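Once you scroll down, you'll see the structures, which are given as structure tokens.
You will see subunit A twice below: alongside subunit B first, and alongside subunit C after that.
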Partner chain A sequence: MRLNEIPIDGVPYDRLKVEKIPASPAYAPRDPELVPAAGRTLVINPDRICMPIGAMWAVLGVHRAIPFVQGAQGCTTYARYTFSRIFKEPATIATASFHEDAAVFGGRRNLLEGLRNLVVRYWPEVIGIATTCSSEIMGDDLVSFVKEARIKIGGEIGAEKMDRIAMVIINTPSFAGSHVDGYDRAAKAFVDTLATGRDTPDRRVNIIPGLLYPGDIREIRHLLEEMEIEATVLFDISDTLDAPLAPPQEIPYYPPGGTTLQEIRGMGNALATFALQPAAGAGGARSLERRLGVPAVVGLTPVGVDATDALLQNLSRITGREIPASLKIERGRLIDALADTFHHTMMKRVAIFGDPDTVTGVARFVCELGMTPVAVAPGTPTKTFEQEMDGIFAGYRELFLDTPKVFNGGDLFEFEEYLKTLPRLDLIIGNSKGIDISRELEVPLVRVGFPIYDRFGYQKRPIVGYRGAELLLYEIVNSILDFRYPDDRTQQL
Partner chain B sequence: MPLINMKCDELIPERGKHIYVHDPENPVVPACNIKTIPGDMTERGCAFAGARGVIGGPIKDIICMVHAPVGCAWYTWGTRRNLSDLHAWALPGRLSNVAFNRRYCVVTDMQERDVVFGGAKKLQASCLEAFRLFPEVRGMIIFTTCTTGLIGDDVKAVARQVEKEVGKPVFTSESPGCSGVSQSKGHHDFNIQFYQQVNALRARRPELKMQDEEKTPYDICLIGEYNMDWDLAAIRPLFERIGVRIAAVFSGNERIENLIKMLDVKLNVVHCQRSAEYIAKMIQDGFETPFIRVSLYGIGQTCDALRQTAAFFGLQERAEQVIAEETARVEKALAFYRSRLAGKRIAVYVGGPRVWHWIRLLEELDMEVVAGACTFAHEDDYQKINDKLKGQVLIIDSPNEFEIEEMLDTLKPDLFLTGMKEKYLGRKMGIPTVNSHSYEKGPYEGFAGMVNFARDIYQGIYAPAWRFQHGLPASREEAPPCA
Partner chain C sequence: MALPIEALQVEALPVLPGRRGHLVIKTGGVPAIPECGSATIPGLLSERSCVFYGARWMLAAIPDVIHLVHGPAGCAYYGGTVRRKNYRVYSSMMEERDIVFGGGSRLYAAILEAVRREPAAKAVLIYATCAAGLIGEDLDAICGNASAATGLQVVPVNSPGFRGCSQAAGHDLAASVLLRHFIGAGGGQSTIPNSVNILGEFDVQGDLQQIEALLQQLGLRIICAFSGRASTTAMAGAHRARLNIVHCRRTGQFLADGMQERFGTPHLKASFFGLEETAASLRAIGRFFGTDEAVVETAVETGCSEARRLAEPFLKRLRGKRVALFFGASRMGSMSKAFRDLGMNLVMIGSQFGCRVDYEDAGHKVAEGTMILDDAPEQELEIFLHQRRPDLLCGGTKEKYMAHKMGVPFMVFPQEGSPFAGFRGFVNLAREAAGLVSAPVWRLARSEDAGRQTRGHSGRGMETPRVSQGNAPPAGESSPLNLPDGISSKNGEGKMEAEAKTEHRPTRVAVASNDGLTVDRHFGNAEQFLVFDLTGDGVRLSEIRTPAAGDGCAETADEDGPTGAHKGGIEDRMRLLSDCEAAICIRAGHCAQERLGEYGLQLIEACGGLPDALRSFYASSGKEKESDER
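Now for the complex of A and B:
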């Protein structure tokens, strides 16, 4: 019997058409008084997650490091689930497993036993301990708990072995911020705990990429290699969350790569720290500057021509390295692509949402394409977002069709209700949470930023650097062509 | 002694109580449904996940109000594939892209000041706003989490107040993440609290009960069925064709009004016997409504389920007719898959009940279960597993990731049926996986679903990807054959 002789599907997945039942007789606009997020208490469709997941993301970028979450199991399991959905990779994260007794007596026992069990089974080099809502409300004294744990575990395994395991405490109560803040706190906690001296200054630079994908980090590394700059990338998820399938796999599973403990310890010796995303990582860069005098270069998120230029110029200024011809060729190719495509991007209206630094980066780039950003919405509010947007728009306002609506915080419900009021919209750029609004408004969605879980490959394709910008540009222009252009008008583009 | 300790647990001897090699002569039930060891890479979720994600989430015409910081709500927003058909209007003439229960994530967004001063006022304002913004909804369930459980907000009082103001039922599900050993605690909490609150509501408002003119002698409630990937599309017609009426489903693709009426049916048919048998038992105790336990996975078990249900109502003849038609329809496809899958060795790791649901199903494809593991199973689940296993099989209760790796490494199964988090781990070890929680391309239940399941298993095992996993061949001659 052969495959073509049988009906392969029981209920063919693509033919399983379920008739939609309307929830009410007819369309009625949502109560306009309650649509703006500022006008209500409730949050609907938040474009931000909890603080611990940002810290876990960071720890997963460290070599042989395991995040340990001081909270209930859900705080860990949901985050692991989210990482797996996005990266299609395992994410090894330990939990303190708070049950009823922890809620009554606090999390000391869970932390002590938990760290011990983690150490004797996994022998990690670094443990990043992220707190949660529950441990913060109960007032767990992590510093003294960890001290106690180190002595106890040291007694069991020997002080020498214990000394080789670094532990970093990251306070991440979710009611005080989002995943973006969680990443930022992790950056600060790691350098504060581990990069404590500037004894042998070297010629390296530190890069704190922020919530960028493996493809982006590889692109940053490419730029650094072309400039012959040695760098410590904290936190480097480019291998840990994009590992090859090549059995036999050693157990327990540790992904390859990640920033090494030694590299982090040496960060105080660097020429400078570049925090590519101000909201996610600047805390670490500023702390190194304040404590050890390592200059901090914060932003711009290197998306597009101008921001990549700025990164390379800053790198060149600080290291004394010339920007090589090879990168100038890449820049030239990007400009060539800009010139080839602007007939299809100019005067197009685009709405952008996502993490604040992704939004500023992408907004700057779409301006370079001659598009009009009609609405920009960072899921996590920042103090500087509006000002940054003003700065970006200043050079392009005369090209705009409309005045951009700048949100700061709020939620996706407010954002999408606003988009529904627009007479025309050509493109939405944002994460996977934009798919519904894209389908409902019949406007294409270009997927960028965190999280993207409903398509494959985006986490590997850069948007930073000249080459990343070129790829993003093609994604943008092809989405517009796919959606808006009859096929007989695309024979000569 | 069938209980064993794995190599990776050498220094954690208490894990030995949870792991055994089943011996048909001497079956044991491991330590289960107890605290997870701290520091574990557990796959267990929290009690909130069980209540909100598993049971509350599928109800299609209510708002699941998560009283928490945004994270807890975000994680339950459109993740588990509990699909439904009720859609809000997105624009004039256009319904929303995905169904209402997955389209909106509604949360009180607890901030630091709320934690200090209490969140009850915020919750009340949020509930009232939600009813104003979504007038199409028929009710609400308020879920508490670690944050709001620990600060002790009186959510019941808020629910009563809001219900009074809007006139629609408002339920509470108080099951903070840290209140139990796994999501199973959340299932249990939800069952008890929902049953009690529905009873109280029916006492207050008898008009919400099923009225006599709606009742038929063939009313059943399908309990513990969550419409994963439209399982109900495969299952519902089968029951209807034998002549019974599914008056309510707890809780897949169901309206809240039907869940209020679920106490008025003649028979409860319980599918997931871990997450929802509690409510069936309470209904039996309170209303003398009997329930039967069924499995709707695989041909044999689906046939049994239909026969049992039909027998209760005296509809055996029609059941046999449906069974004959349906088995004939899938026979050829299953014969093909059986021919390709026979002899393959399978490891199954799911929440709990699916391990025993699937043993017989895998046997129908002539495959062999070599290992099983459950995240949150209780004693009765392990008894059911033991009853169905014929040979020596490794069983792990609430495994941690390392134990899973050791299991895969030593047994080297041909396929690993597991969830989202572990499937990528299996793949890294060169072992194909099928997402067994939300499915790859379901539905997997019933006759037609069985063919889908077999197809996904077949695709898993026969994907050409696996031919290339052993690295770059030294020469062209050693290269894998082209298909």
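Now for the complex of A and C:
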């Protein structure tokens, strides 16, 4: 009996799973001409969301900050659903509630009234104003609107109180990029608006983590603590989107943690800015470098041994701190785990998809495991992706069983169809959107990256750093074992 | 002795002036109707969504058509998930150049490709988003051309997000699309005997099968369920049904009216949630079809008694528990009946975009004193949860995690696990509700909370260190774990004599509260004290007293108390409250506690909602009085 025939509580298994519902009961044969994404205008199963949600993600990582979305209610509500499903946390995001009048007369009234209501009801310290397709197409002049709003609200609550509330405008026209770009733009907007001076240089470093989960950010903080480096993590969602449940709460609800306004203001004084994900956050780091001369260190996503080594060496070089013995022990443990599991991971074929920097990070790591990345597909195309992949593969090409196929952009339909042409595939690494592919190809899926909405706990389990890599390694190995030896309960490894 | 605490704070929640009419309390037997159907105030965390969302809600489950979103990647991504289920959505993925030069040719090409990809599809639905709406894409023309080229019906769904006030506009829009292009497309005039359509039923977790089984007992057959089972073929024949059963008014009524107008199909409002509603619905449907009454009664009786028997162990745990409902619109009424069948007390019902009829219907079904809330922004829900502390909140996923943070168990509806409709569904509902309200996690959360309270946490700012060992009271001084709702009482024993007052004199108590909703201030730094008179009949706010500025007790001020304040303050505060029997505050310093006796004041440390604190105080002081008399 196959797994999907076993009824659970009277409901057959295949009715419980995330379904892929075609327009006809049987799958239509693929028109081969339609497979390459470059050859069609239709997009099927895109692996990306739009810009504003990336900006909202960023703002939620700031202490007592509320994103304000200048658009229709759906732009906010859908994003709140998405955050709720991924982080299992409330997401406080305000909306300008665009209706027909806004579409005709512009969003000025909504912005003035909305900011005022948000201020008097929530008293946030920072408001991150993200635009949407509608406000961008209408051409709302946000700079002057916000200026006007500040004067008006200031007249009501007092200029002094108004001065304590920072407002950051993030232009995120949805049609111009994906959530990754939205995050990048938010990083740039925050440092441009708030980190304006380099008056008292200090010994801190700035970290822009990119679209990493709370568990990853905690792991990065752990590395920094071990190195005894003080750091500003810009967009620190580790507490805000993973808050403890400890009633009674204060009203209005603000989650603990997040990057403080003061920290962001001081980013110009730092020794250097590390943008861990080139596509999400490098914009902020480069801007600090250009304007204030804070050196930018862009990449690599610290997944795996080499990339974590590189991060620690860079940190050590810039701050002058030694890499402590404790981290060397962690590295040793990871290496030990690599050696112990290598016979299970070597010569396995793996396909990777997701956000570009997650893909590059994971691809580098699976190469270290002796696996062959047969296909890599970033949901958001970047200019440097192919080049980065070449760089990673260069050292491993002779170990590869097949030549890796590198997509750049495209959609999951194309990716899936390519995987179906492969004679063999052992593992897929990607986000929850890959579950359909995994079920159909009967290949295990290791969940990594954004979004993961169909399982619990992944947002707390790091993949970065030595300890994160070890956890990811076990996830990979165990998935392979579960799949290859599903019935062998007695085998001792 | 229960305190009629609902009499207190009828104003209930502090809201923005523009929101006042949206919040009412049912009193005097008349269903109060909040203001509704208006645009949301900007800047709040509206729980409403957009037209596109509403259209997807209605149309996503139609299986044999191509769903193509003409807009940026985000809308296609979001629109793929409806009622937590993933559906395949195609997208034209508009980019910058399409915004500038128009996306018509792109959309046209995308339609042709989608049809090549899904040759078995019967029709194509094109959803317009904000971007397409604003650049003025001529959808009708493009769809017409594409229709001519493919030979399929290509139907525009003009759903830019800024239309209307909420997703309700999208429901109606989708219904009009169905009426115009799909329903009755099969031709044929004759009515099929004993056949029904169900409007506004989305087959969440097998609800439709439950309803179908019930209708089968009456010898009825479902032709089409909008849109839980609505293939194009089913819709094409839907006009031949004898009766339309409107299960959800919001999504079904528009269709029902349209079908009555066009095909003369009569409709009937019914609900299959809860025993009473299900029974009433079956009887009404039976009457319509002239079904033998004995058959209907047997179905109702066996169904009800079986469900009662199976649900009994759960009902015991639910009896008297307080529940609040926050839904989309019209489920308020039917679900409030269902929860009353469970023996629970409704304290609030609310909806995102209910209309007058929805509130009238629901208003009749709820008890006196129930709060009715229209288009509540997140913060009002937050305050409500914080203040009234229901035992269960039932609503959508967005509200779930906020409720948890406020310490309130949450039930997701439309449900996540098993069907809730019909008699069997009632058992599932009871089981789920009972499981949620008696979850051990909430006891654990409370004990942590009480433990923290004794260590001197005031919870004002999360950045302040929570545990300050220096302020921990000696062990055994208070035992908050044993008292209900984290209320700890100090100096209580020494006050027994003072409690023995005449029966009719009200008990006067001062509460350190700044917002009038919660006990939120330290005794020493409260800006004001609300003085309440408590009698057997109710609570009255007699006055608000403001002490002279300054902290009471500098040497014991905890980490967030102002420092360097003058020492005389505490005396002033004591004198100010000398006619009260007790002062309720989140915490008081040692010197305040030592001197309270001199002024005949009892000190209660509490946190959370003000009504709860008063209620607990009243309950405990009542007990003391009784024991005194004995």
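The rule is simple: the second predicted complex is superposed on the first by the 459 of 493 C-alpha atoms of A that agree within 3 Å, B and C clash if a C-alpha of one lies under 4 Å from a C-alpha of the other, contacts with A are read in each partner's own complex, and residues count from 1 in each chain.
Just so it is clear, a residue touches a chain if its C-beta (ideal position, glycine included) is under 8 Å from a C-beta of that chain, and two chains touch if they have at least 3 such contacts.
Since this is a predicted model, take the numbers as computed values, not measurements.
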| item | value |
| --- | --- |
| Clash or fit, subunit B versus subunit C on superposed subunit A | clash |
| Subunit B versus subunit C as contact partner of A:Ala394, first or second or both or neither | neither |
| Partner chain(s) touched by A:Ala102 [first = subunit B, second = subunit C, both, neither] | both |
| Partner chain in contact with A:Lys420 - subunit B first, subunit C second, else both or neither | first |
| First, second, both or neither for A:Arg439, with subunit B first and subunit C second | first |
| Partner chain in contact with A:Thr92 - subunit B first, subunit C second, else both or neither | both |
| First, second, both or neither for A:Tyr254, with subunit B first and subunit C second | second |
| Which of subunit B and subunit C A:Pro46 touches, first, second, both or neither | both |
| Contact residues common to both interfaces of subunit A (with subunit B and with subunit C) | 9, 11, 18-24, 26, 28, 31, 34, 40-46, 48-53, 68, 71-78, 80-82, 84-85, 88-90, 92-100, 102-103, 109-111, 113-118, 120-122, 132-134, 137-138, 173-176, 178, 243, 245-249, 251-253, 436 |
| Interfacial residue positions of subunit A with respect to subunit C in the complex | 9, 11, 18-24, 26, 28, 31, 34, 40-46, 48-53, 63, 68, 71-78, 80-82, 84-85, 88-90, 92-100, 102-103, 109-111, 113-118, 120-122, 132-134, 137-138, 173-176, 178, 243, 245-257, 436 |
| Touch list for subunit B against partner subunit A, complex | 8-9, 11-12, 35-49, 61, 68-75, 77, 79, 83, 85-100, 103-112, 114-115, 122, 125-126, 129-130, 132-133, 135-137, 145-147, 149-151, 176-182, 230, 233-234, 330, 332-333, 335-336, 339, 400-402, 405-406, 409, 420-425, 427-430, 441-443, 447-452, 455, 469-471 |
| Residues of subunit C that touch subunit A when the two form their complex | 16, 39-53, 63-66, 68, 71-78, 81, 84-88, 90-96, 98-99, 106, 109-110, 113-114, 116-122, 129-131, 133-135, 160-167, 206, 378-379, 382-383, 386, 397-398, 400-402, 404-407, 418, 445-446, 448-449, 452, 459-460, 462-463, 515, 517-518, 520, 607-608 |
| Touching residues (chain side subunit A, partner subunit B) in the complex | 1, 3, 5-11, 13, 16, 18-24, 26-28, 30-31, 34-35, 40-46, 48-53, 68, 71-82, 84-85, 88-103, 109-111, 113-118, 120-122, 132-134, 137-138, 173-176, 178, 243, 245-249, 251-253, 413, 420, 435-436, 439-441 |
